[in-house]
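Since the structure comes first, as structure tokens, the remarks are kept for the end.
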Amino acid sequence: MNTLIKTVEVLGIIAFALTGISAARKKGMDIVGVYSVAMITAFGGGSLRDLILNRHPLFWIEHYEYAVLLLVMCLLASGVIAGQFKNSKMIMVVLVLDALGLGFFSASGASVADRLGCAAFVSALLGVTTAVFGGVMRDIICNEVPYVFQRTELYATCSFIGAWCYLAVARGAGNEILAVTACIVVTFTLRMFAIRYKIRLPI
Amino acid sequence: MNTLIKTVEVLGIIAFALTGISAARKKGMDIVGVYSVAMITAFGGGSLRDLILNRHPLFWIEHYEYAVLLLVMCLLASGVIAGQFKNSKMIMVVLVLDALGLGFFSASGASVADRLGCAAFVSALLGVTTAVFGGVMRDIICNEVPYVFQRTELYATCSFIGAWCYLAVARGAGNEILAVTACIVVTFTLRMFAIRYKIRLPI
Amino acid sequence: MNTLIKTVEVLGIIAFALTGISAARKKGMDIVGVYSVAMITAFGGGSLRDLILNRHPLFWIEHYEYAVLLLVMCLLASGVIAGQFKNSKMIMVVLVLDALGLGFFSASGASVADRLGCAAFVSALLGVTTAVFGGVMRDIICNEVPYVFQRTELYATCSFIGAWCYLAVARGAGNEILAVTACIVVTFTLRMFAIRYKIRLPI
């Protein structure tokens, strides 16, 4: 189960980075811009959470292999897979992986805040922050109003509900792995439904 | 007097949040966007100050009731008071409360920096940072050039002068409550004059 | 040699601030905006590095004289030298000083990260972060897609190569001053070549 969760994390990082690469390429950036936006999209949310909660060292500072992995991805994305970003199958794959990442990072943010003794509501907010603020920074750099704040298919809402599931299971059953799994399943399922049926918030 | 200052703080937070709500609604955001922008406008400046000065935990992490209060406000703002944001009386009320908040947060920022031993000029700058950077982040997220940096009615300038008043009274008379009051009164009065007589900086 | 490096640092800060002043004036900001953007351009990269690596106090908090120096510069820039920002000689002087600053801050970022035990690749990334993120924040505030991410003359690339030179010399020869000098010389020379011959990244 632990290996499965680790796999979800890596897939999530890759998906977040891919959305960054895609956004940066649409703005005509060169590899420096593409790599920077990919890094910020993938690690921005987690870094913001760690700065807010005073946790050091940051994830990507300690595990440099992720920064290298993303550089390789960006180089590939400017070469062999460059033509794939408008391919509808590729778009669907990224959407699915992104939903997995959304679930994983919601759990990761809520878990860190919860263990530091934050109130449940704040822990849920930090779950959402971890999951969505990389994308917010990506959109700010690309000079767009952040996607996640616009009236579009549920995104942060799935993360918020998922984070509460994490907290309920972690506090209720005391089982971390079960809680993370519950959060990923709920977030992912909600997000897929929201995309499929174009569900938006009424207000 | 202490209760009065606490009241000013809460009114200031509410006013800052209202300017965030108003800006987010103008961009057509849903409740997720409205709430995020409200939170960032209200707590962004103070959080930035605390990150810069390495003070933990952040205010809104410790006092989760503010995050809940703002959520309730945002839900109300999307319902009962939604039509009021273009009401000129409402605009005037927000301007007045915002000026109170400007005064309070200028004092709060200068006070924290001063007690940590910063130079007076740096403490005054951090007073301004605390008071205005929530609004700067709000405008960046809404994809606008920050209001406070534009050639318009004095805003950061009132905060800067107010912060110096705080420092003068706090260091001169050694009375914290008197210093905060002086800062709020000076900042508020200057800001009201600037709005009433359309006073701008000459350069 | 130490004095020479200190001089390069101050020239770099001045150049970074000048690019901020110039960008803010183009957006029609008043002195509050001009000063804020100048400060953020000059100290944003270093502050971000220090927040990421948990180093306190921040440079400009401890050395308040730089904040005062930049205020004087901004006041001058709105008066006597205001007409000079479109002067092609002035533009060339700023480009040259900016390239010196790019070199110095690349070395400074890589050096701090290296001494804290970061992996070489992460240290190089933090060299680039220190050197270019002030400019990124400047462009975000001015509501532009960051210059450094666009397909234009090499900028971050020079910083990246310079940072690796720093690391090679610092780890190889163990001589800090030699390493900083190597980084500045390499970064500066590459940047000047890139401007002169309009060298861009192929991808």
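Here the chain labels run A, B and C in written order, and each chain numbers its own residues starting at 1.
Note that a contact is a pair of C-beta atoms (placed from the backbone, for glycine too) under 8 Å apart; a residue touches a chain by one contact, two chains touch by 3 or more.
Since this is a predicted model, take the numbers as computed values, not measurements.
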| item | value |
| --- | --- |
| Cα superposition angle of chain B on its copy chain C, in degrees to the nearest 5 | 120 |
| Interface composition of copies chain A and chain C: same or different, split at half | different |
| Centre-of-Cα separation between chain C and chain A, whole angstrom | 31 |
| Multi-chain contact residues (two or more partners), chain C | 51, 140, 143 |
| Complex contact set, residues of chain A against chain B | 51-54, 118-119, 121-122, 125, 136, 140, 143-146, 148-152, 155-157, 200-201, 203 |
| List of chain A residues in touch with chain C within their complex | 24, 27-33, 36-37, 47, 51, 56-58, 60-61, 64, 67-68, 75, 78-79, 140-143 |
